[in-house]
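Labels run A, B, C, D, E, F, G and H following the written order; every chain starts at residue 1.
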């Protein structure tokens, strides 16, 4: 068996910025000297519709680019939650949006009101930074700082602050 | 070896009616209860350009539809004459238009002024009936009468007579 | 139209048209191209006489689209083309396979690639017929070897197409298409004509792509009480778009299964010559006639040669070719291309006899002497 | 344009564009289609910055026609598409092969047939890349397995295309095209860039399709003192139409010969895992990564498995595959189709090991566990 | 029983895939309202679509449907209608479908005058593939493949149809929802080839890059841009360039293809009868 | 040294393949005369042809040449011209090539306004494949695929080009050989997309079936049918239907594609320079 | 003569609504207002004139207007 | 003032000529006549006005008109 790998799935609805989230996560890993591969699955809808980013991070080479045995699945929609039910091990953390998903009550299921919190922050669109914060707390594959740096490089100034706040909030509020 | 086969090639220029001639020959053979296959080779020119009909007639089944060992080659153009030089046996009769072809003087080469005679008959277009007459004399694979019958069925009344006269003339004037 | 009956003397292309009409075709959509244009011209003449329509489309893409539409509207439909047009039809050919719309496509092959030699024969589109459109798709392709077969296989093409709801390609060539010889046209009532299966369930709740064990959907034409949803996108049994992996898998697997499991019905071959021979020639189309002559000539020379003639090219006659590979000491595959069907023969060759290819691509057909020469070389 | 150098993190489709520019491409002609559109979008952005042109054509037929024209006019040119567009390009792809116009065509494969599942990966166009156009034509197709290879093989595609004057197809897939990972972009002066051969004879009496022993014509772009006649019809060395059988034969034979005799230069493969193994996997593209993981997993389980990765798909790596067939006890060919390259492997199998196919066509990629399962089944 | 627009919608497939504020839903409403008012049974109507956002419309319809390949809707429809003239055949195409990749079928269908109705949704770009420019995108507009502005002018789709020979040509916008419904009805009733071009917002791409991402602003933009054809013709040229004409632009009485074909060639459905649908 | 039309002909390839009395030879003469009078070196001219009788013209020319696939000449030419704007690019297409199978490239080239000249030889049928009808064959004409008369009207090729956006549109006939040469010259000199439609006899097919098989009669028929555009516009409608307009029909000054592309996007050949060929 | 005032029932199907804002933006009578999440609310139903600018332009078939007897 | 009469040389290249008859049919001065086989003959060269109806319309480049000094 090669080096330890992390597999993280970010699933939700097109337009929630999850693919960008996945890319950021992967970039943060690369910045830390790890190998990372990011892939995506999406439908033909431009907005709405199922959308999913998969990130595999490793200190070794990443061959299989998808998540066949994820460490964490983020489910911001019911479809995302359902889609992975049959594919995950008992160890896999499923972090779901309490406002959108009905959990099956797995031991490792963890709910958080992502939508409501994002709206509270003042913009639905920060939901992906919020989620990234939570993901990193549960699955510390890269440091919060590396992630913040990536966001700094990627976001326009006026959006940045809110997203950093969301990242912090997600990171801070999730209890492992 | 199967039943005796005749292979007749009618070669000349597009517009001379040689394909129609080949079809007529084949039809006459079929009318006599033989098997016949007619094929053609032509270029992209509508008028002018090389044109050739091949007819294989047999009392048995005709498998190979082309003339790989012709009994007679009619050459109304130099191209037609040249094209077959390397492909024929010494036995093959080459009947050529003295007005258009320079013969290499093979023993079995036979010249006849087809163009001039057709013009004499009053219409260049009867060259193919004229040629058919000559062909049938040299290679009596079907009777002149069968051929005349096919022409009767195929030609409009006003063209028929002249063509029948051409057939007779070709048949009569060629000396085997 | 006066339907000819009994022994006739005509061109292969002509025979295709009479056969299409006899099979019940009412719609031609096409774009002229040498050496297939006689099919268009005669269709233009005869179709109106049977209340049908000859539609000359703006190009080959439109041609196949129009006949797909006409077929979906309930008319047996066909087109004819040659290489360049066949290439242009590939996208919509795949659509017809995927959406299960019957049609007959006659490709009278000419010398290529590209514009090539427009008036000269070839067999260069054989693999294209199998693999020319994108994605995994089954196909049926038949290869006539005589004017009689132009007639017979055109009728059969319509029958198979209707029966299995799949486009059927008649893969002729310039020699066969333009060759004139005798054929026998049967009495109308002696012809077996197959029409597509219609639904037996009520219109309410009907799903066009729901099948029973035969895997063949029963789809009526537009305009009946049944609502028919035909789609080029991945669709479930209702015909509406559906993108679940299982839906995609189920659909494509069924498309292949409905053909694979009926290979017995679809595949036709002919054996010619002695039952057991040292060398078996595998050939199709015009070249199979040359091969027959070669078999006879070989016999005269005391050589032991026979012929397996492929009438159905696709799906490939695996079993029959395996039988040939098992029995013969050597195999020869003469083709008017650089070797296409020979690949399939090689693919099946777990039996060991050497498989030889004989090619000609200069716009002329192989002659018996060339095949003989190769036979002698192989058997010496 | 600021050329990135060193380690970068990007999508496969993005890497293709940077590579095209690095290879010297100045012209893109295309029509958007999922999952290739990023290639169009980035080309539209970057090409004007290098004095190039992004031309969005009215359809895929026009797209490939425009890049053929642009290439004939002297600009290295490329297009990108997916299945439906690839089908539409077939006629003119054959024209480019026949007329020997270099170009690079990137097909980012998606699930088919027909419209299918536009956003999902497949490897369903592999045989189409070889046989999709009519007539006998050679082709070169490369299959990238990583973002790095998207870059490297795009550069190589241009080089091979220029060197051999033949269209080169980069046969990617949705996974590789959209996947993001690290790659290293070399310094500009470390790149080997090949440009098409120019004539050395005087313009007077020059014949564009006259070749020396290398069989590759030296054709300058339009506009120099050399008169260039390019043709889709059968042509002699002058480029003018010529329909003699010898002309046709000579031309098509040379087209194939110039590729066949350079297979060593063109064909690339990678061996992965132990040198000698009981089972050899033969895979390409995205699936070769899955296979690598499976090889590693198998090793962990004590199973003897290695991988032959095909980087060049066409011309086929006959020698390398034969070597695999000779050494292994069994062969497994996993593909995102119903079995395409496996046919080629079978064709070459005169050595005896059973050749197994593993297919997936539901729009998802094979996972290591599926390959493992098959390995265990085969080796048990 | 009078039908409602809902009878033409396949409820089980809704909600549709279109973005918030996309004009496609408004056109689908108008189309189904038109069918209802014409009292055409869903089974007698074949909706033929291409590929694109608007090309997904068939998925929400309960009429007979044919969802073909990109750009070919009119060619499929030509076959359908000619093979069974009793059907009402309507093609739904985007600007990419209709006049970019499908331009040839478009001009030939207009010339041939097959008795079809084409509802062309012109949102000035390829919505489905991510907002690239199409053959109707106005000069200098920004799209995902023209970051600096497109260097080609767009077609005047209606003028093109007229020059090709179309029998009935009209243009309107989704803002003019009632006119839209009425023009569709008139197009269906008019024999021969009818075109209804509908200018429609793609707030996600064309709107966002060139006008405004807000659906409401897009609606108001359409309202401002559209000028009734009579009034339009009197505008000074520069004013014309800033606007487009809406309303009925062409209405001719050439007999449709099928009727002419039967008149010339005979056959069961003879000269007198011809194509009687939609009269 | 002044060039003669013969300098543009490849003597070794003559005589050409065209039938006695075919108009193609007359147009080839006019084209080569035009090149000679413009004093364009053969090496600087790329003649792009399609497939058809007229599409064989390249075989008799000594200019640079591209003989592409059927219907695609304008698409190939678009690539050639855009990749090297210094070349003079002329496409020779039949009516089948240009507006039947090639109709889409035709309207898009006109819209895009690439600096090309299209010489479209309209002989009202497909000569090369044996006289089937094309998209320009007049309604009810007899052809090998319309034995009773064609049921579709033909395009007005010039009107179509105008609607698509062409910069320069002219029509003439082979009878008007001098006008033909001059219009070709003007077309080449005019920036952007130029169309010269040439009505030309196919005595072998269209002529034989519909007018007369004699080339002389076909020439006289052309003479009678052609009416100078000014006069044509004043004719009563029925008279118009019996004739066609010849002369310059459209002359506009839209900048060509390449010039616009560079203006918008920058690049070496910048805004001021653009495409300078043919000015 | 005075007519009975017409009663108009406005219904928004929240499940279909995609919060595009067209109904609110186009209603000349300010019948609608938008909630924080962009969702339309029927705030002044009594002002509705049944002009149908809203329902015919709702891209999601989410608005039903009914004129009650 | 009287000008020198122009001398015009007319040449028909028989090898190129396809006997279409256009030259003879269009010449307004009856300079040409047709032989039995359809071949044009220059019968009245002196009547030629150099109007060029013939050479520019000869589809086979078979006619050359030369105005001699």
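Here, a contact is a pair of C-beta atoms (placed from the backbone, for glycine too) under 8 Å apart; a residue touches a chain by one contact, two chains touch by 3 or more.
Note that the coordinates shown come from a computational prediction; the quantities given were computed from them, not determined experimentally.
The fewest steps needed to get from chain B to chain D, moving only between touching chains, is 2. In this structure, the chain pairs E-G and A-E differ in their number of contacting C-beta pairs, and the larger number is found at E-G. Taking the mean of the C-alpha atoms as each chain's centre, chain B and chain E sit 60 Å apart.
Centre-to-centre, using mean CA coordinates, chain B is 38 Å away from chain H. If each chain is reduced to the centroid of its CA atoms, chain E and chain F end up 32 Å from each other. Multi-chain contact residues of chain D (touching two or more other chains) are listed as 34, 48, 58-59, 61, 84, 91, 95, 114-115, 118, 120, 231-233, 243. Residues of chain G in contact with at least two other chains: 18. Shared contact sites, meaning residues of chain E that touch two or more other chains, fall at 19-20, 51, 56, 67, 69, 100-101, 103-104, 108, 128, 130, 135, 148, 261, 265-266. Interface of chain C with chain B (complex): residues 9, 34, 118-120, 175, 178-182, 286, 289-290, 292-293, 296, 300, 365, 367-369. For chain B in complex with chain F, the touching residues are 43-49.
Here chain F touches chain E in the complex through residues 100-104, 107-108, 111-113, 135, 139-140, 148-156, 159-160, 162-165, 254, 257, 260-261, 263-266, going by the rule given at the top. Partner chain F is touched in their complex by these residues of chain C: 31-34, 37, 40-41, 44-45, 48, 54, 56, 58-60, 84, 114-115. If you check the complex, the residues on chain B that touch chain C are 1-2, 23, 26-27, 30, 35-44, 62-66, 68.
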